[in-house]
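Letters A, B, C and D mark the chains as written, and numbering starts fresh at 1 in each.
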Amino acid sequence: MITAGIDMGAQVVKVVVLNDGQVLARSMVSTGFEPLEAAQKALDEAIKNAGISRDDIKSIVATGAGRKAVTFADKALTEVTANAKGTTYLLPSVRTIVDIGAEEARGISCDAEGKVLDFAKNDKCAAGAGAFVESMARALELKVPEMIELSLKSTKEAPINATCAVFAESEVVSLIHAKVEKADIAHAIHDAIASRVSSMVRRIPVEKDVALIGGVANNAAIVDVMKKHLEVDIVVPENPQFVSALGAALSAAS
Amino acid sequence: MSVIEKFQEVSANRHQYAKDWKEQTGGKVTGWLCTYSPVELIYAAGMLPVRILGTHEVQDITDRYLFPTVCPFSRDALAQGLKGRYDYLDGLTMTRTCSHVQGTFDNWRNYVPVPFIHYTWFPCHRESPRAIPCLREELLELKQAIENFTGKTVSDEDLDKAIELYNTNRKLMRQVYEFRKSDDPPITGAEAMEMVVASQLMDVVEHNKLLEELVAELPNKKLDRDTGLRLMMVGSEMDDIVFVRMLEELGCTVVIDEHCTGSRYFWDDIVPQEDRLAAIAGRYVTRWPCPAVSSEFNDRSDRIIQHAKNWDAQGVLLYQQKFCDPHEFDIPMLQKMFKEHDIPTLVLEFDVTIPFGQFRTRIEAFLEIAEIEVF
Amino acid sequence: MTTHVKYKTKPLDCWQWGKELRLEAYQDLVAGYEQGKLMVLGCAASPYGMLAGLGDFVFLAGEPYGASIAADPPFSIPCMEAYEAKGYSRDMCGYMRNFLGSMYLDKYYFTGGPFPKFDFAWSVRHCPAGHPKWHQIVSEYQGIPMNYIDDETMLSADGDPQHRLDYVAGQYLDSIEWMEKVTGRTFDDEKAIEAMRNYFRNEALWGEICLINGAVPAPLDIKSMFALMPISMLRRHEKVATQFLETLRDEMKDRIANQIAAVPTERYRMTMLTPPPWSFLKIFRYLENFGVVFIGTYVYLINSGEVKFLLDEGKAVPATVPEKRPGWPQIKNREDLCRTVARWRAEHPFQSHLDTRKKEYVILFRHWKGDAYLLLLNRGCVPMTTNMYDFQRDLQGHGIPVAMFEGNFADCRDIDETGVLDRLEAFLEGQGIHKLPGL
Amino acid sequence: MTTEYFRWTECAWKDPDKDWRKAETLVGGIDVGSVSSQAAVFTDGELYCYSNTRTGSSSPDSARKALNMALEGTGIKEGDIQYVVGTGYGRVNIPMSNKAITEIACHARGANFMGGPSIRTILDMGGQDLKGIHCDERGKVTQFLMNDKCAAGTGRGMEVMAELLQVPIIEVGEMSLDVPEEPPPVSSTCVIFAKSEAIGLLRSGWTKNMVFAAYCSAMAHRVVGLLERIGIEKDFTITGGISKNIGVTSRLLKELGVESIPLEPDPQIAGAFGAALFARDLLLKSRK
């Protein structure tokens, strides 16, 4: 049976089209301010890539912050459940999932079937993850990939404590003006996020294997510091930003 | 090595110091969490009382135990326990004071094993005549608990000796503070803080020896820097030496303080009396109050303004651990009080680590108010 | 009618009477003020019935007043801001910030008129330092005398040391003399004893009512609990409260016998530990769409009521009034009264030690036949939130599902409503509980 | 790099009818802020030229860039300037500066110069923090207050909004006033939550203008809260980037019920002006 999962993220809509567990196509469209249109556009794109017709899709499940906007979906599912389903499908041994998005981070503990046992989300004042990296890269006049690369070369610790991402920004600005090495600042930025996220994740039992998903999971520097903070190895599935959409597509099939 | 350097060394290697002390004396070490802990009683039992302090490192391990609105000091302190840095402790004591440190104690009690744990309930209604007799009984319980643990009875002689030693310690530290009244104080605020922090970590006998040396050398000591603005520091727990150094580099000298790693800790003596425990109880009930215990604002503020005047403070840094509500209650009243006395104040809020860039700007601007006279 | 309706329901017969009594309580606060009754400021969980010894009095408890304001953001936000303008910080007690803000604005919530001037403040030292310092701010601002009792003896942790009781009882005796001095009135022991007997009785009754609600389906839901609580919280010292609470209890028994539910779609029972975020009560309504019903919250069981936890048997039973407890004296005079109050306070679950409290949470949950706990990470109250994660782990250790959300019981600005609802939906999804069809 | 809506446009100005060579004193002030940098050069206590540029990832470079831009076409070489005072976040490492003074002192001095000696209260809304400043008739700071606890309401929030809605920050204010009726303020001034709230509002059909209006009034309200803590003594004026956002200023002046003294030529330049004025004082002092 062919199903589709639509993940209505804060910044991008992600779609996965599935046929009996086989991914037929993926698509990504910026969410913008017309979520329904964006969802439609993303779905059409995926259908085109998959070389199928709309009617071939038997069921559609929407997830993500804007899931309720997808009026044509058969069902809506929260990211937490979708994350767990998608991740355990790709990596059955995973028991702890860390999902870092643009603004929010999540920690999920689940069983082998992908049933959510417990989850935690960042506190009000500890929000800001992916978007923080981007604006800080700009402050350093670097492209995000450059900043990631530099960060991995860092040699010195330059702690940024502020829980609040905005205060953290001004600490970064101070570091810049204090002539701290760009590499060390880049590292400090990733470290600050990892520290914020792992302190939240520690509230749920952190059992192996631990997976990192969400757009930020593509950031090698984050993965690196998260390993240090959580003191465990971390696996990253392919296309980590599509995990939620995949989970939605899977639950559409069941 | 100078006396101050010795203090620095002890505080830098506090854990090694305590372990060595156990080695050499074969005695036991008891950690305490708040300056309302009766150190003389612990010491009288042949134990080394060491204060549990944080390290001002960013950490991410306490959030699953304490909600982030618990003060950073309490979280930082708990982190030390959870990291196993106090694994050598034989005992842990806490006196009922504030709900934040209480959280540190409760979680330590439940998640960081320590052979001997005792909680001393404290009668916080210090203005009530009923408080001292009540605390006396609580101290008796503590004494008995310690005796059961060590298997050694604490005699009146032991108590007298400990009381004598700690009173001397307090007297000597007050003498050091006296020197800071001079126009060019021979000792910086950071150095004075090193002294007090060390007094909460060291064997009092050893600390007293060092203090005598210090008191002897201060009369002919000079700082190789201008005093700048004479600053007073008032607030909650503060042992961030790095911050105080930065502060003083910006053109001021901390000449007096009111916090629990400063004068509030050691200012009051024990007035000896036949009933030793009652004497100790009397000291702790009537001592210079922490706002977490005292509900009488004036009780504290009167002493603070006296300090400010006696040490001729030209500015006051009012600071608090983030989320420390007892101090958050007092700060606006203190601002009002200092305004009435024409002493400018600057308020800073401390987290585990501090944003040096932002604080630097605020402090410099504060000093400029007093100093820019190029018009 | 949709198929998922499982039970019949009907409004409470005594609902109207309850509403009137609640209204009276608030009106008294105003009327008494106008009639020149003795105006006293204090804490909800203090034995304020003792004040009856001074004659007619109006007692304004700071917490419920702060809560009433919190439920009304357009009134609350200016209060918060007036308070912050005085240089106080945003992370202090939310109830207090509403209260003091309304004092600074000189706007009394229940009338919109001027804020009452008190004759004195009579405070109790719970939530470390908090209340007496709060009331001290009022006493400085209004220039009124203040006295407080430190009665947080936490005896349930470690037996019954006489000296702590002497200390507390002694403070009560002293404060009676103090009250006589500042009011110029003579303290009538009989009247005080009388009022405190009602007080004890009504606390036990409210506790019993909370326990009865453990039936399936629940005869009351948390919303009606919150609506009726003020009667036990503000009128605990009055006979009329006893009459009402007995009627309510009997009606509940009746509803149970006839399987009359508060929420006809009840299928998932949740309980709480703390007060709710008062500006966000719609959270309960919203969750009813999932068939979720809230049975009660620990804090108001012990804050305006009393029960007895039998820790070894893992049971919660109604409390007996002090004079009926084995080995407790009859209250004949002032000394007896103060000593009884001290001991009763000391053994009250209100002061349970952390480790005891954890056990009580589990016992209560089982008694209420709960399916999950909803814990509030309350930015508005440090003592209530300090160990919340520890509680969470402990409850989960007992196999109890726990949902958590961050907010503030008294400051609507601290709540991210969409985020919270999203979080709860995710939690219920994990529990296999979905929105009821047609809702 | 894509368009940076959050940045202020760069500009430079010089006085055509002054000859700096005749000047007794030729001094400079450089303000390296978190987002923008300004340089000002004064001849005998009067403005000669200034520039307003963007801050890069190195304060020495930003400082030099600002100064060069100000000096362009004036014939002044860095070496000709007799005394330079640096201020702002980057003040500690501005290579050509003889002394560093905080932006708090400099903004007060600059506001006093531009707005006159009657100014007693200054609101400076920078990218990273919010300052309420009291000063005397000489522009000397007597008291100041900065935002603690929470970064809500700082200029950064406005930058985030401009980015989000892809509108140049200079246009935000005007747009926010062009609404059929004043919408309720966004409930959270927390930069991050306001952002997600704004996204929600836009998706629910609000126009960009209405979102800006809701955010500007929330921000104005937050600022009023800070000012109430320090108290407002007239005259009042506003410096820093936000002073150019009429959407915030008009709303906050309305709420405060005060007028704001306009600062010519540019309120964002107050810091650099103040620095330059201090530079002159220090120069004359050193000549004594």
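Please note the rule applied: contacts are C-beta pairs under 8 Å (C-beta built on N, C-alpha and C of every residue); 3 or more make two chains touch, one makes a residue touch a chain.
Everything quoted here is computed from the prediction, not taken from an experiment.
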{"item": "Intersection of the contact lists for chain B and chain D", "value": "A, C"}
{"item": "Farthest chain relative to chain A (centres taken as mean CA coordinates)", "value": "B"}
{"item": "Between B-C and A-D, the pair with more C-beta contacts", "value": "B-C"}
{"item": "Intercentroid distance (Cα basis), chain C paired with chain B, Å", "value": "37"}
{"item": "For chain A paired with chain C, centre-to-centre distance based on mean C-alpha positions, whole Å", "value": "41"}
{"item": "Gap in Å, rounded to a whole number, between the CA centres of chain D and chain C", "value": "50"}
{"item": "Overlap residues in chain A, where contacts from two or more other chains coincide", "value": "65, 123-125, 167, 170, 173-174, 177-178, 203"}
{"item": "Chain C, residues touching no fewer than two other chains", "value": "86-87, 89, 91, 377, 379, 389, 416"}
{"item": "Chain D residues counted as touching two or more neighbouring chains", "value": "89, 128-129, 148-150, 193"}
{"item": "Arrangement of touching chains [line / ring / star / complete / other]", "value": "complete"}
{"item": "Touch list for chain C against partner chain B, complex", "value": "86-89, 91-93, 123, 125, 127-130, 132-133, 136-137, 140, 148-150, 152-154, 161, 163-164, 166-167, 170-171, 174, 354-355, 377, 379, 382-383, 385-390, 393"}
{"item": "Complex interface listing, chain C residues touching chain A", "value": "377, 379, 389, 392, 396, 402, 404, 406, 414, 416, 419, 422-423, 425-427, 429-430"}
{"item": "Chain B-touching residues of chain A, taken from the complex the two chains share", "value": "123, 125-126, 159-163, 167, 170-171, 173-175, 177-178, 195-196, 198-200, 202-203, 229"}
{"item": "List of chain B residues in touch with chain D within their complex", "value": "344, 347, 349, 357-358, 361-362, 364-365, 368-369, 372, 374-375"}
{"item": "Chain B partner contacts - residues on chain D that touch it in the complex", "value": "89, 101-105, 128-129, 138, 140-144, 146, 148-149, 278, 281-282, 285"}
